[in-house]
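These are the structures in question, set out in turn.
Shared between the two complexes below is subunit A, which pairs with subunit B and subunit C, respectively.
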Partner chain A sequence: MKIIGHGGKEIVERVMDPRQAVDKIRGLTRIPIRDQLAREVVMLSYGFFTPLQGFMTKADVDGVVANMRLTDGTVWSIPIVFDLANEEIDAKRIKQGDTLLLTYQDQPMATLDVEEIFSYDLQKMAEKIYGTAEEKHPGCARTYKYADRFIGGKVTLVNPPKMSEPFDRFFFTPRQLRAKIAEKGWLRSVAHQTRNVPHSGHEWLMKGSWIACHGDLPVEKIVTGIVVSAVMGEKRKGDYIDEAIVLTHDALRTYGYFREDVHITSIVLWDMRYAGPKEAIFHAILRTNLGLTHHMFGRDHAGVGTYYDPYDAHRIFDTISEDDLRIKPIRVLAWWFCPVCGEVTYSGLCGHTKERQNFSGTVVRSIIQDGVRPPRIIFRPEVFDLIMETAEKYGFGSPYVGDEYLAKRNPLFTVPPLKL
Partner chain B sequence: MKIIGHGGKEIVERVMDPRQAVDKIRGLTRIPIRDQLAREVVMLSYGFFTPLQGFMTKADVDGVVANMRLTDGTVWSIPIVFDLANEEIDAKRIKQGDTLLLTYQDQPMATLDVEEIFSYDLQKMAEKIYGTAEEKHPGCARTYKYADRFIGGKVTLVNPPKMSEPFDRFFFTPRQLRAKIAEKGWLRSVAHQTRNVPHSGHEWLMKGSWIACHGDLPVEKIVTGIVVSAVMGEKRKGDYIDEAIVLTHDALRTYGYFREDVHITSIVLWDMRYAGPKEAIFHAILRTNLGLTHHMFGRDHAGVGTYYDPYDAHRIFDTISEDDLRIKPIRVLAWWFCPVCGEVTYSGLCGHTKERQNFSGTVVRSIIQDGVRPPRIIFRPEVFDLIMETAEKYGFGSPYVGDEYLAKRNPLFTVPPLKL
Partner chain C sequence: MTQETYPINVWINEERLAKLQAVNLADMAEEAFAGLKVLRVPCTEAQRDKVLATFPTAKYDSATTKSIEQLPRDVKDKIFDAVIAKGSLNIMGEFLAQY
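Here is the complex of A and B:
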C-alpha cells in the first residue's frame, strides 16, 4: 500500500541492506561527513523529508528561496543542501554522474548520486529564508559556514545507524510511527515540537492542543493522540541535554500525567535553524510525513532574538492552502500560572492579566539550578527528579549542555562497522 | 435580512405591540395558563423554538413521537403542547378556528389560534420520548399530568412580559443574542447548558469546550465565545435557586476566571423534561436558534436516575446529519480534581484514575452547607461568597429551593397590566 506524505507524494524510503550494498559501494570515492549532514542523510533516507530523495539541486534551492516551493510546486521552506569545499571536490575529482560514499564515524553510511555541483549566493539564501542576513542570527551563521559548493542528488542509506540508548526507544521512521498510530487507533494526532524538559506550562500546551485537535469527535473511545516530537541535533551550551528532554517527556506519561492511550514520545534528527515562520512550516512538513494530522504552535515558535514577531509563525499558515499542507496548525497562546485561579490556565480564557505569572525560561532554569523541588503545579516532582538523574547519568552533573557534554556525550547514533 | 435558525427556517418572531393588540384581543375567550405554558409561550413567540410558530398539532406530535421529526421533516425531539381540560373546552365552547386570549398573572399575555383540538395517547407519548412509561420518571410524570386534550395552533405575544431582576440582564431573544455575538466578533460560540452553580469542574468543562470549539482558528484575536445558557423553569426542592445559578455563572467572568471577551451569561425559559438524549437534541435546537455554533454535552446530559446510559446523549448525535442539525456537539468526559496533578484536569488525558476525585453533587452540596470556604481550586471564593449572598437576598436563607422559595420567590417575569 502506498503511504502518502507531504505534497501527496509516497513516503520516501531509500535504505539498502548493507549485505547487498557492499558490492555496489566498494571502490566509491569516500567523503567523510559532519554531524549535521549525517543526521540529514538519515532523515532523507527514511522519508522524514518526503518528497525529497536527497540533497537539493540548484533549481530546488532557487524555488525554496524565491517562493517557498520545490520545482514540482510542493511547499518547502528550508534548503536541505550538501556542501563540500572546492579543495575536496578537486582533490577527489568529483564530477556530475559520480556516486559518492558518505562515511561517518569512519564507517560507510550512505551513497550520494552527484546530479549537480553548484554554488549559491549564501547572503541571498540567508536573507530570503531568515528575513535577515545578520550573522548574529544562528541560521544565517550556519548558512555562511557552508563550504564553497553544493552537491545535489539522491541519497541512499547503505549502512543504517543504530540509535544509542536511551534514544533507541523513541526513534520511529515515518512508516514506523504511522504503524504505531494505527495500532493506537488514533484518527487525529497532534505534534508537540520540543527541545525542552516539560514544566506544567508545556504540559498544558499539549493538553490544550489535544483538546483543540480532538474537537467534536466522540469521546467514548479516545481516538486522538499527542506525539511529542523532540528535536535532537546540534547542541549549544546551556541547552537541555538530549537525554533529559526525551526521558522527562516520556515520564509525563509513565507517571500518569498523560494517559497511556493518548501519548507517544518520539524524536527527529534536526539541527534547528531558528527560522521562525519558515521553520514552523518545515516542522509541519516533518510531522505531516510522520503521519500526524495536527501540529501545535505556541508563541514565538522556533524564533530567536527579536527577528520575528511572536505570531509570525502563526500567520504564515494563513497563506498556505490545505492542498499544499495537509497537517493543520493548532495555534496556541500562552498557558500561564495564575495565582488567583490557583492553577495553570490559558491566557485566551483567564482574565487575571495583572496577577498571572508567565513560565519564563529563566525562572524555570533557576528552579532547576536551586535543586529544590518546586510545587507540583509548576513542575512535576517525578520530572524534576528525573532531570537530576539524567544530569548525573548523562550530563556530567548538569542537565544543561556544557563543554564536557559537547566533547564526550553519547552520540545519538552509531554507524556499525562495515567491511567492504 | 433573514435570520436563519433551526431547520434552515427564518427565526420566528410573533410579538405585537400591546397598543396595537388591544383592539384585536378585546372580547376573546380568556384562558388562564399555568407557569410552564406561559414560559413556552414566551419561548415560542421570540423564536427560541423555531421553526415552531405555536403549539403542536397532532401530526407534528405524531412525527416527533414516531421519528423525532416535524411533519415538514425538521428534527424535533420533545412535544411542545398546549393542554386543556374537556370541562374548560366545553364551558368556553372552544372550537377550531377560534382565537383564544391566554392570560397569565391575571393579565392578557398572548393569543392562541385554535387550529386543532385533539387528544393523544399519553402513555405512548411518554414511552417514545423518554424510553420508559414509568411514572417515577419526571418527564413521564409531567406527561401524565397533561389535561384531557391538546390545542394546536399559532401563538402571538400581545403583551410581552418584563423579566424580573436579576434575570433581566441575562434574557436575550435569539435575535438579541445573535446581535450580541456579532458585536463580540465571535465566529464560533459554544453553549453551556446549566442548572448549577459552577464549581471549578464546571468551569473547566466550559474552558475545555471552548478550546475544542476554537480548534484550529487563529488566536491573535479571540473569535470564539462561551455562552452560558441557564435553564430557568419549574423548580424542585433541593435545586439551586435560579438567582444563584445565573449570578454565580456571571461572576466567573466579572471576577476574571473568564476574560471579558470570551463569555456571556444568558437564560432560557424551560421546564426540564430529563429526557436524556432527546433532551440533548432539544437543547441543541434551542442553542441553534440562539445563533450558537457548538454545544457542550457532558456525561449523562439531562438524564435522571438510571434511565439512560451516561453516553446516550453523546451517541444520539451520531445518528443525525449536519444538514438536520447545524450546531456541532462538543462531547466531553469528566473533568476531575487530581491530587497527583494538584489541579482540575481532564479524564480523557489524566492517567491517575486511582487517585482522582470526582466532583460529586453531594460533596459540593456538603461544602456549601458547611459554609466554610473550600480551596479555590475546587470552588472560586467569589462564587462561594455570592452563593451565600444570593441565599440571603433571594433564597430565604438557603441557596437551595425550599417551600418558602417555591411559595414566595420573585417570579422570573411579570406580565404588565394591560387594560382592554
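Here is the complex of A and C:
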C-alpha cells in the first residue's frame, strides 16, 4: 500500500537486499563518507526526507535558498547536500551518469547516482538559510566546512546499518512508525523534538501539547499520542549523552508519568543546523513523513545565541499554507515552577511573574553535576537515578559528553561487513 | 557601589544541609529552585579567571545564571568542605592558593 508523506508525495524506501546488491556494486568507485553524510544517507533511503530520494541538485538548492521550495514546488527549508573535494572528483574521474559506492566504517553502505556535479556560493547559502553569514553560527560554520563541489543524485542503501543498543529499540522508519501508530489506534499524534533529558518542564510541554492536540476528539478511548522524537547527531562537549536522552524519556512512560497507550519514544538521525525558524519547518516535514499529525514548538525552537527571536519558529508557520504542510504546529510558551502556586505551571496562565522560577538548562545541569537529587516536582526521581546509571554505563562517569565519550562511545549504528 | 561577584553555586542535598546545620551555617543556604537550596560562594573577577584557567571544564554563564558552572563534582565537594571548615562563604582566596 502506498504511504503518502510531505508534499503529498509517496514515501519510497530505496533499500536493497545486500545479497542482491553485491553484483551491482562490485567495481564501483568507492567514496568514504563522514558521519553526517552517513546519517543523511540512512534518512534519505528510508524516506524520512520525502520527497527527496537523494542529495539535492543545484536547482533544488537554489529553490530552497531563494524561496524555501524544491523545484517541484514542495516546501523545503534546509539544503541536503553531498559535498566532495574537487581533487577527489578529478582523481577518481567522477562524472555525470556514474554510480558511486559510498562506504562508511570501511564497509559498502549505499550507492549515489551522479545526476549533477556543481559548485555553490556558500556564503549566499548560509545567509539565506541562517539569516547571518557569521562563522560563529554553528549552521554557517557547518556550511563553510563543505568541500568545494557538490554531487546531486539519488541514493540507495545497499547494506542497511544495524542500530546499536540501546538505540535499536527506538529507531523506527516512517513505515514502521506509521504501523506502530496504527496499532495503537491513534487518530492524532504530536511530536516532541528533544536533545535533552526531561525535567518536569519538558514533561508538561508534552502533556500540554497532548491536550491541545486531542482537542475535540472523544475522551472515552485514547486516540491521541505523544511521540518523543529525539535527535541523534553530532555531539558536542557538554551535551547530554544520547543514551541518557532516549532512556530517560522512555522512563517517563515505564514509570507511569505517561500512560503506556499514549507515549512512544523514538529517534531520528540528524545533525542540528540551529536554523531556528527554518529548522522548525524542516522538523515539521520530518515528522510529517513519520506519520504525525501535530508538532509542538516551544520557545526558541532550534535556535542558538541571539540570532532569532524566541518565537520566530512559531511565526514562520504563518507564512505557509495548510495545504503545503500536512502537520499542525502547536505553539507553546514556557512552563515554569511557581512557588506561590506550588506547582509547575504554564507561563500563559500563571500571574505570579515576579515569583516564578524558570527551568534553566544551566541550573538543571548544575544541580545534576553536583549529584544532588532535585525535588520530585521538578525532576522525577526515577529519571534522576537513570541519568546517574547511564552516566556509569555509557558516559564514562558523566551524563554529559566529554572527550572520552567522543573518542570511545558506542556508535549509533554499525554497517555490517559486506564482501564484494 | 557593591562590588560585582561571580558566584559558584553549590547545591545543597540533605547530607550537605546536615553538615551546615551542625556548624550553624544553614542560614547561608538560599532557597533557589522549587525549594532546593544553594550556597552561593562568591569569587572576585580575578578569582573567577583563575577558576576558569585552573579547571578547563568550568564556564562562566554570563547569559542566564551569571555564575561559574560546570566545575567537576569533586572540586565542588572541596569548596563545600572549605566553607564548613572556615565557617564562611569567603573561602576562594585560600582555596585557589592551593592551585
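In this section, the second predicted complex is superposed on the first by the 420 of 420 C-alpha atoms of A that agree within 3 Å, B and C clash if a C-alpha of one lies under 4 Å from a C-alpha of the other, contacts with A are read in each partner's own complex, and residues count from 1 in each chain.
The definition used in the following text is that contacts are C-beta pairs under 8 Å (C-beta built on N, C-alpha and C of every residue); 3 or more make two chains touch, one makes a residue touch a chain.
Source: prediction; values computed, not measured.
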First (subunit B), second (subunit C), both or neither touched by A:258: first
Touching partner for A:401 - first (subunit B), second (subunit C), both, neither: neither
Superposition-derived comparison: subunit B or subunit C, residues of subunit A touched: B
Contacts of A:375 with subunit B and subunit C, given as first, second, both or neither: both
Partner chain in contact with A:367 - subunit B first, subunit C second, else both or neither: second
Touched partner set for A:238, first subunit B, second subunit C, both or neither: second
Footprint overlap on subunit A, comparing subunit B with subunit C: 375, 377
Subunit A - residues contacting subunit C, complex: 238, 337, 339, 357, 360, 362-363, 365-367, 369-375, 377-378, 402
For the subunit B and subunit A complex, residues of the former touching the latter: 207-208, 210-220, 222, 253, 256-260, 262, 294, 311, 314-315, 318, 328-333, 340-346, 348-352, 375-377
Interface residues, subunit C side, partner subunit A - complex: 9-13, 16, 32-36, 57, 61, 64-65, 67, 69-71, 73, 76
